[in-house]
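Two complexes are shown next, each including chain A; its partner changes from chain B in the first to chain C in the second.
Let's turn to the complex of A and B:
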């Protein structure tokens, strides 16, 4: 369980450019959930995930992960960092090794694991993100953009984190590349039972894949609920500079026109099933 | 309108291109015999998966890349003639994905003035051009702000203003909304449509967002270095199966109609927007209700 209590973060405290990025966040996330994190640019999403990953320390408030308070005296931050994997935006720019294998192995090597253990982890992580074994001996710089990104994600997975945080993993990818990465992440979540936090601007992606969503607005948590509940609030989301998937907009308008559809439809398949039922009656 | 659309601003003739870094491309051609004409005043969207050659094509429009075979003519100027480089770049302005890589000055209006200053435009005219460009992207009230304190959508609009200050004839944008949040994406689409419809600016926009392409006058779909489809958004997106086969998507409204049709309901699949889709379904529903 991840528990944030009165968490705030201020950049450049005391200076003329002091800016509160996150204010008074109280949030409890359960293990095993697939959580979507959305909010407009500058809403505090990235600051929040950096705090959860233990990279920056809250200006005030506490973050507990499985009963351990981050940055407290009796908390082993090194261990916590091994438990939490953070995939940053455009992670393909962080590749640096001679071969894909070495790049993925960098994290586990730093965990001082025996060689055969590292090899097992690298092969497992590569398989999870769908990289063929023959790619492991190539230079990461020979690969396509989508492949590079999968290598970067595999590098984090090889740490075998219990909590995986991804900051816009599909930005700049085409629809096929996007579906492939999301499908792999969904599959990983199911196979490994880990907790996933996915930051995204794509409402369609979040609708298709998450079971809970946290909405940030001006540094505060504006909503936190099941995915189906979040997309019932299209008006509020739009006021925050966000959007609902086009399919949700269509179903809302049809409901307004008198069609008996459920509230909060957020995938094309759901919409198709309901509209079909209504029209074929 | 017709006289206008017959006027060709950029003429791409049988262009072939191969990057020298053959390891990355596997030695295959990035562009294979591509011919395309950009018409004056049109809003043209270019779609295609990663690696389909669309960014490479865009870079041919203002001589960032020179075709290996074939020709690109910008208002009659051959992009392979190095002495024409300045004239060509002034006519065709480019906006890229990441606004942070395109802003150079510490104050918004200085940033917008960068290009005309470098072109040696007289001081008084620079002032006029900057005011015009900021007004065109609706950012006049931010002229004294620092670019890095603005939102992504605002920064990208400043980048567009920077290009407008050169007074180009064509605005080429390579995934200008990829890094923006939904509000930022809307801002950019509104700005682009306004420039196109009210100022008559020719726009070429590369995008991965099908809803954005659906708003263009014409869509070109690239696949493996070739132009695979070309037509109005309605024509292109009604070919749902083909689009999906090459790893692209259609707008959700189009997909819904397509799925309903497949399941036996008699719907057209050339639906593009949420409102069109709502109207069609609503009519069928109301007709069925009356029949009872």
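Let's turn to the complex of A and C:
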């Protein structure tokens, strides 16, 4: 369980460019959930997840992960970092090793695991993100952008974190690459039973795969609920400058036109079933 | 992690000092620095200190912020002071086993500390009140007489502008890469020197690659907009000396005059 109490973060405290990125966030996230974190640019999403991953220390407030308070005296930060895997924005720019294998192995070898264990984990992670075994011996710099992204994600997965945080993992990918990465992440969540936090400002991405959504606005948590509940409030979302999925928009318009559809439809399948039901009546 | 560097940072504002022509400010700093090393007495430094305080006051930058720039040079200052204190010959003030402190040593140590402080303060006032663009414009203009002897003034200024422009970008990038590798369990704090140097590899390689990529992208973007160097290039904002600059020069002449007076006085009476 991740518990945030009154968490705030201010950049450049005291300087002329002081800026509060996150203010007074109270949030409890359960293990095993697939959580979507959304909000538009500058709403504090990235700062929030970096605090959860223990990379930056909150200016005030506390973060607890499974009962351990981050940055407290009796808390081993390295151990916590091995427990949480963070895939940052454009993670392909962190690749540095000679071969893909070595790069994916960077995390596990920092954990000082035995060699055969590392090998197993690398192969498992590579398979999970859909990298062919022959790619493992190539240099990461000769791969395509989409493949690099997958190598970078595999590098985090190889640490087998219990909490996986992904910051806009689909930014800059073509629609096919985007769907594939999202599909892999969903698959991973199902197979490994881990907690996943997916940051995105694309509603379409989140609607299909998350079961809970946190909406951030101006550094504060604006909403936190089940995915189906969130999309019932499409008007509020649009006020915050967030687009609801296109299918939700269509259903809203149909309802305004007099078709008795229920609220909170956010996938095409749901809409299809609902419309069929209404038309049969 | 790198967000607290003040040296070379611009502090936006509209004060008298901010509005001075960058050429005035650059030349003023050169004169200021020269005078730091010409001063022979404490009286001279008092004049300089008063001038510096006036500059900071009229720039409307909080003192605390300006003084923050001194922090990184503190160790250097302390070492210089210690060397001067113990290794200068002259009239003996204190003698304790192998340590001797001389009157000249104390004097020189204090002078050195003052010189270093004023050096940093003077240059930080320049960089805090002048945007990097204005600064390089000023440098380009001041160097342009040297074009006749083949100094590529425009190209030098452009290179400086680009370098300055990318300092924050690269710092941000470094910060991001460090965070990413820390998240993967990289350890930068423990181990001996060799291990620590090795721990830098996962940061330096991605940083180099991204710097080259950025340089390449920028070169292409400049080509696309037909950049061809300084030949026949006009500018959006021409530099113009204003009334304020006349006053600035007047203040500077006063400063130099007072320092010369202080030095002359020092020749007659010893303070």
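Note that the second predicted complex is superposed on the first by the 279 of 281 C-alpha atoms of A that agree within 3 Å, B and C clash if a C-alpha of one lies under 4 Å from a C-alpha of the other, contacts with A are read in each partner's own complex, and residues count from 1 in each chain.
The definition used in the following text is that a residue touches a chain if its C-beta (ideal position, glycine included) is under 8 Å from a C-beta of that chain, and two chains touch if they have at least 3 such contacts.
Quick caveat: nothing in here was measured; it's all calculated off a predicted structure.
Student: Clash or fit: how do chain B and chain C relate after the overlay on chain A?
Tutor: fit
Student: Looking at A:53, would you say it contacts chain B, chain C, both, or neither? Reply first, second, both or neither.
Tutor: In the superposition, A:53 touches chain C alone.
Student: Scan A:155 for contacts with chain B and chain C and give back first, second, both or neither.
Tutor: Second partner only, chain C.
Student: Go through the superposed model and pick first if A:107 touches only chain B, second if only chain C, both, or neither.
Tutor: A:107 contacts chain C only, not chain B.
Student: On the A-aligned overlay, A:88 touches which partner chain: chain B = first, chain C = second, or both, or neither?
Tutor: In the superposed model, A:88 contacts chain C only, not chain B.
Student: Could you tell me if A:12 is touching chain B, chain C, both of them or neither one (first, second, both, neither)?
Tutor: second
Student: May I ask you to decide whether A:67 touches chain B, chain C, both, or neither, giving the answer as first, second, both or neither?
Tutor: neither
Student: Note down the smallest distance between any C-alpha of chain B and any C-alpha of chain C in the overlay, whole angstrom.
Tutor: 5
Student: Once the complexes are superposed, what residues of chain A are shared between the chain B interface and the chain C interface?
Tutor: Shared contact residues on chain A (touching chain B in one complex, chain C in the other): 141.
Student: Within the complex, which stretch of chain A touches chain B?
Tutor: Within the complex, chain A touches chain B at residues 39-42, 141-142, 144-146, 171-177, 201, 203-204, 241-243, 245-247, 249-250, 253-254, 257-259, 268-269, 271-272, 275-276, 278-281.
Student: Which of the residues in chain C come into contact with chain A in the complex?
Tutor: 3-4, 11-12, 65, 176-177, 179-187, 201-202, 205-206, 209-210
Student: Please name which positions on chain A make contact with chain C in the complex.
Tutor: Those residues of chain A that touch chain C are 11-12, 15-16, 50, 53, 55-56, 78, 81-82, 84-86, 88, 91, 93-96, 106-107, 110-111, 141, 155-156, 159.
Student: Quick check: in the complex, which residue numbers of chain B touch chain A?
Tutor: Contacts found on chain B: 23-24, 48-51, 97, 151-153, 175, 178-184, 186, 208, 210-211, 247-249, 251-253, 255-256, 259-260, 263-265, 274-275, 277-278, 281-282, 284-285, 288.
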